[in-house]
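Next come two complexes, and both contain chain A; in the first it sits with chain B, in the second with chain C.
Here is the complex of A and B:
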């Protein structure tokens, strides 16, 4: 059998995290601009919801792609533990890449975040069940958030991506693991 | 394949790690509504941040606890709920009945197909899906994934332990 542990998974991890990091960033920005340019009341039943549904869980499949690539690259069978390792590293890298890209975008369009925030507040006000006082409090808190909030947000987002990609890495190992018998032959 | 004490420990710790992570994800998915009824907390909660890259968190497509939006949408909540429940139940059932569940990949494909049909039907205006329909399709997906994974659990247990001792004196 192919000595699985001697094959480096880094090319698969980097490839998958770059693809998912960039595509996720593009979808996020695209959805963001769509939401900014439409009335909040129409958002829930508009194409932005469709984009949102596609984005939903999308970034969680990076680990699966990395495992698939690794299995095909070396034509190896893969254990679920190794799939988990590949998945979690891929997820963490997707988080870092998308965080960096979103912050680079703020140099291109400095008003993007504040405009998106205004629309998000409007959506929450129209869909949620907050009182006028709570709506004002929420708006104030969102506009006065500091750099630490952004760092914490990125940290938790990256942790979430890591955990879910770990799980999809395991699932990927289950689905894509090579035919063990064929490899032994 | 040989399963010594090291492999047994490794297998069990891996299994409980996965169940623990799914429990954590389920707990986080409930959002801050489990300890507060102030909806303004939601945006700044660690639960929202944790899932911000994984779910669209649309307020119109989410359940609420104590008037506070959950951290994920209804479909994602269905996935996390059933993934945790299934990860506990299916392996136990498969060991209990001494039978490896088969056809997991087909079930997974069917559950994905149902979600795609539900999504496309809604997108093209054939019907309007609801919180409940999205929740149910999420449950089907989570269940099918854990059903599929339980086959590996069964195989590992079969290699690790005497199956006759594991059926708890049935």
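Here is the complex of A and C:
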């Protein structure tokens, strides 16, 4: 019968998601301030969007870290499915932790979100296609329903991080092998 | 017993699927694939629509604008249909290879036909027609939930675009293909084939039927129709489970969607004024709907039990 790891993975998951959640939050806030201060409004592929993509890809390695920690902690070899579970939970937690921290940041800088939103509205306006009336409507909608957009954005980000970390969790399970003698039967 | 063994209750690895042999829990495979398939279907469908529109007009259109949506709905249908076939249909068949025992993909999904199932298909066709007033009542109940004005406006805009397309569209067979045939095949393969059967092995029939139905309702991303769609999803799941075949659910799904298309095509004023979810259906319709569909459902269950007894006897 195949050896199956039954050890609890929660300590590895929480550790990896805390590390990556805090780093992801720091990079998100950093990118946000970069956009607020430097965003060239008419450039389609700006440095900030490239940084944003890199930040997101970086956060995808939380699952791999959690798997590595779990394998080393118990000196076991785990199945790909176990790696996937560890990865997806880590990814979802990274999304939740960074979302909570971004909200807490608003106590430190209450104007952060509204300034970021103004820049995003300016970027959309600079792309043309919209009349002045439509631009005003869009700006009103984003300010009035900013909270809803933030929650939706966080939801999509969390799902994306979950999928990314699921993949790296599977890769981690294939890469990291524990001490064969210590495999839990 | 190991986690792997819990999935099937079997310890013989020859009868386990790839997913089970590698320790993937059923919930992860089911919900993971639903989310990934949904994202891929939406993204690829939109890209195909944009490419087709660009090929036709030479311009990149903003499909978020309602005027563009209305003007190019035909191309959006092509993108949508292609996305459904590739990801919800063929993609699910591939993923099922991982979730089903080796060489049993089609039997796992419930592609099974015999004379008993033929009779059950006929019953489900009448059942789904008879149950329409009940679905209408559920739509009305759903509309009593207060939704934000902006969201209702968004759904109204979608309905208006669809109404214009269906009532002005002369290519009824093409519309039936896009709106009835493809969803009946692809969505049934995904929900009543893959989701229902994978969850059933792990969590039992009741949970599988309820979850597959509710997820089917949520997947349409129309919150004013969530209750009737989830009800329909649960009903189709029961039909698939009791018959042991996906075909009755496919037939019912096709008839349900095709009826909407044909009514909109033949009687557009009636389809988009009298039968909208804002108004309650006449009481006599509701009573008749409950009685007739209840009777047909009873006949269906009786037929399926007979079929099971026959199988056991053999």
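We adopt the following convention: the second predicted complex is superposed on the first by the 132 of 185 C-alpha atoms of A that agree within 3 Å, B and C clash if a C-alpha of one lies under 4 Å from a C-alpha of the other, contacts with A are read in each partner's own complex, and residues count from 1 in each chain.
We adopt the following convention: a residue touches a chain if its C-beta (ideal position, glycine included) is under 8 Å from a C-beta of that chain, and two chains touch if they have at least 3 such contacts.
Only a predicted model underlies this, so the values are computations on that prediction, with no experimental measurement involved.
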Touching partner for A:24 - first (chain B), second (chain C), both, neither: first
Which superposed partner A:86 touches (first chain B, second chain C, both, neither): neither
Partner chain(s) touched by A:159 [first = chain B, second = chain C, both, neither]: both
Which superposed partner A:66 touches (first chain B, second chain C, both, neither): neither
Which superposed partner A:97 touches (first chain B, second chain C, both, neither): neither
Per-residue contact with chain A, leading partner among chain C and chain B: B
Contact residues common to both interfaces of chain A (with chain B and with chain C): 80-81, 84, 129, 141, 145, 159, 163, 166
Of all residues in chain B, those that touch chain A in their complex: 10, 14, 18, 21-22, 24-25, 38-40, 43-44, 46, 49-56, 58-61, 64, 67, 69, 73, 75-76, 79, 83, 105, 119, 123, 145, 148-149, 152
In the complex, chain A residues that touch chain C: 1-2, 4, 6, 78-82, 84-85, 88, 129, 141, 145, 159, 163, 166
Chain C residues touching chain A - in the complex, by the definition given at the top: 2-4, 11, 13, 19, 21-25, 28, 32, 35-36, 62, 150
In the complex, chain A residues that touch chain B: 24, 31, 44, 49-50, 52-53, 55-57, 59-60, 80-81, 84, 94-95, 98, 120, 123-124, 127-130, 134, 137-138, 141-142, 145, 149, 152-153, 155-157, 159-161, 163-164, 166-167, 170-171, 174-175
